[in-house]
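Look for chain A in each of the two complexes below; its partner is chain B in the first and chain C in the second.
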Partner chain A sequence: MDVVGLLIFGALAIGIVGAGLAVVFVDRITAAALLMAFTFLCNAGMFLLLGAETIAAFQVLIYVGAITVLILYGVMFTPQGDRPYALFFQKQTPLAGFLVAAVAAPVLALALTFRDPGIAREGGGDLQPLITSIFGDYAVPFELASVLLLAAMVGAIVLVKRDEEDAK
Partner chain B sequence: MTAVPLPAFIAVSTLLFFIGAAGVLMKRNAVVILMCVELMLNAANLALVAFSRRYGSVDERGSVFVVFVFVIAAAEVAVGLAIVLSAYRNRPTVDVDELHQLKG
Partner chain C sequence: MPDGPLGLDPVVWAVLRLVIAVALAIFVVLNGALVQIYLERKIQALIQDRVGPIHTGPFGLLQTIADALKLIGKEDIRARVTDKWFFLAAPLIVFSPMLASFAVLPFAPGLVGADLDIGLLYLTTLGSMTVLGIVIAGWASNNKYSLIGGLRSAGQLVSYEVPQILSLVTVVLVTGSLSMVAITESQPGLLVNLLVLPLAFVTYLIAALAETNRNPFDLPEAESELVAGFLTEYSGMRWGVFFVAEYGEVTVVSSIMTTLWLGGWHGPGVDALPVLGVLWFTLKTYAIVLAFMWIRATLPRLRIDQLMSFCWKGLIPATLANIVVTAVLLLAFPGTLLPVAVANWAMLGLFLAAIPWAQRRRLAATRRRLRVDVRRAAPETI
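And now, the complex of A and B:
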């Protein structure tokens, strides 16, 4: 069981990190969007490995389903070509890479040297603790989140709607 | 499923987060930047779920915040794409270096 879990974890970790790197470094944007969906799927596998089945189901429904479709919609409606001209004075890539590496190295070292106190809980689904928390202590934030979704939906419609004069 | 140690999950989460951060800083296509923001949110979700499951006997509520992150991510990508499309209508580009109308 231990070996199988470690193997699954290794495959999922390679999938997440490899596909994430490919999203950043691949040039074809549709391929990047699909690789992003693959990263989300591997992340859902990680959630399953951790025993959080409900979160994994949400992950597949919302990220792999909805958000990937939205991103592909954005890819479809915007032009994806070469840059019209080169911006010679904006070479931020080496600086960005250096900054990220400088911040990432200590954080990664901290993560790898983190000592697990070993108070792991026993198995069991995550549905009941999730639901009792959401509809108990976090009921008001949960309702506020639905208001936020409504506001985002209306805002997106208003932003994308064409004006009447433009349509003519 | 306590076979895999917790630091391994945190390391994968850290790597994915900084891959996303590098993408946000390096890419110039607005849609790709949105994708990289989603990668960073997913990395945070992984860390939240890992801590929440492993310290479940102390407090199980990390997963609740993952649900809220899902909501925020959906709202963010919807509004973000709407902004990109409306900027594209004003000026036919999604290159963030060329969208400089707000520059003083």
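And now, the complex of A and C:
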């Protein structure tokens, strides 16, 4: 990795970690949602740096374009001011710290022992391998996941519909 | 390294083509907005039997320039109850993805900012980021009209993104590439994709109208219901940035349609003089922009529930069926596009016939139900 690549990597890493911390510590929920979108964008930058531009594009398309909008939508429809903020930011620091440590320690160990397996390619071009693996090698798991998501969506629609009829 | 046209050194051309592409992007966005506003006024005037702007300059040509100067000269007002950073950031979040879209548009052979393998995916990605800025603008304004405008826009954009992307998939199935340059090069002659995939073109056109908040889908800024929607609290050049972004977005979707369905830069004389491609590209793009304006001057605005049900019950099934039929025919008859074209034209006819039929049935059902409801509510009055 050349100097420019290292600089971009540093900026993106600071962006991910800084914005991620801010998401947790900022007590304005819309700001947290936007900062999360920024974290997603930095993640997409990381994918670009690894030569995986298709994954980066999907990261932005789905997470910035759809998930963040959905979260903002939820925030705007939630009535505010009728409940204390303590409900949003509960005082369970020791338990949270323990859980975070339990997850973070293996990840950290993995990160420190990680060696570049040579996946990153100059100039990118991950479209072809991605397509062959999704629609060739892993077609059945991919289709299973699609059917599962479809079932979840239909289930959600049915649940909402029933509520509507009960209200009448 | 591409061979330099006009006998230029390839190294010089590599730098020069980037400069030309960026300059073209800024030129097209800023001047394009001025030209489009002028065209919009003149064409609406023509259709509505008026004269439009005539007093400022010859044929009123300087009217939009005067308006732009007025906008820039206005005081930058921000209400105290607005959310400062979000309010200031929203126009930029809308504007910058639109400007970045121009990086992959192929204006002429060799004249493209970056020929990405995933050019089309990149464009849809940037298109999906606009909605974030609009939602934030609606939220930060701290105004009910703005908020409703922003929420409507979010619902509309997220819904219409689905048929938009599905229409693109059909073209990608036929051309076999996501690169804008490769898609342009796949339709060199008169057999452009419009003749092969008319249904995908129509569904994309409808979804693009919704994505750019144009009539008949301009509900987020419906002035008769919402003052100006998410734009209510904005004035001066901040409002102007939203407007430039909107017209830029129209240019981008028209350019996508030009590239995917109308053959992009291809036209008489391009092989001899590649720069001529810019002319053909611009002419085709503005033909579509004019169609947008024609639609705006002709059609009334939809209601929000009609908008949503049309998307989910009309457009998305049509585009999904289109994908399945196209894919099956491409696999069944490799090497020829004739079956695909015949099926697509047939499905286009079916689509255009089925929508009014379904609407009439729905209207009749609604009327029947309302009559029953009224009788049940107050039987003695009937």
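As a working rule, the second predicted complex is superposed on the first by the 121 of 168 C-alpha atoms of A that agree within 3 Å, B and C clash if a C-alpha of one lies under 4 Å from a C-alpha of the other, contacts with A are read in each partner's own complex, and residues count from 1 in each chain.
One rule holds for everything that comes next: a residue touches a chain if its C-beta (ideal position, glycine included) is under 8 Å from a C-beta of that chain, and two chains touch if they have at least 3 such contacts.
Quantities reported herein were computed from a predicted structural model and do not represent experimental measurements.
Novice: Name the contact category of A:Thr39: first (chain B only), second (chain C only), both, or neither.
Specialist: Once the two structures are laid over each other on A, A:Thr39 reaches chain B alone.
Novice: Specify the partner with more touching residues on chain A, choosing between chain B and chain C.
Specialist: Comparing chain B with chain C, the partner touching more chain A residues is B.
Novice: Taking the superposition on A as described, I'd like to know which of chain B and chain C A:Gly65 touches: first, second, both or neither.
Specialist: second
Novice: May I ask you to decide whether A:Leu149 touches chain B, chain C, both, or neither, giving the answer as first, second, both or neither?
Specialist: In the superposition, A:Leu149 touches chain B alone.
Novice: Applying the document's definition of touch, where does A:Thr30 land relative to chain B and chain C: first, second, both, or neither?
Specialist: The answer is second: A:Thr30 touches chain C but not chain B.
Novice: Just to be sure I read the superposition right, which of the two partners does A:Ala57 touch: chain B = first, chain C = second, or both, or neither?
Specialist: So A:Ala57 only meets chain C here.
Novice: Would you check which partner chain A:Tyr73 touches, where first means chain B only, second means chain C only, and both and neither mean what they say?
Specialist: both
Novice: Hey, what residues of chain A end up touching chain B and chain C alike?
Specialist: 54, 58, 66, 70, 73, 77
Novice: Could you please specify the touching residues of chain A with respect to chain C in the complex?
Specialist: 30-31, 34, 37, 53-54, 57-58, 60-61, 64-66, 68-70, 72-73, 76-77, 124-125, 127
Novice: Sort out for me which residues of chain C touch chain A in the complex.
Specialist: Those in contact with chain A are residues 83, 86, 116-118, 121-122, 124-125, 128-129, 131-132, 135-136, 139, 147, 150-151, 154-155, 157-158, 161, 178.
Novice: Could you please specify the touching residues of chain A with respect to chain B in the complex?
Specialist: That would be residues 1-2, 4-6, 9, 13, 16-17, 20-21, 23-24, 29, 32-33, 36, 39-40, 43, 46-47, 49-52, 54-55, 58-59, 62-63, 66-67, 70-71, 73-75, 77-80, 83-84, 87, 90, 92-93, 96-97, 99-100, 103-104, 107-108, 111-114, 116, 119-121, 123, 126, 129-130, 133-134, 137-138, 141-142, 145, 148-149, 151-153, 155-157, 159-160, 162 of chain A.
Novice: Over in the complex, which chain B residues touch chain A? Could you list them?
Specialist: 1-16, 18-23, 25-32, 34-36, 38-39, 42, 45-46, 49-50, 52-58, 60-61, 63-64, 66-68, 70-79, 81-86, 88-89, 92-95, 97-98
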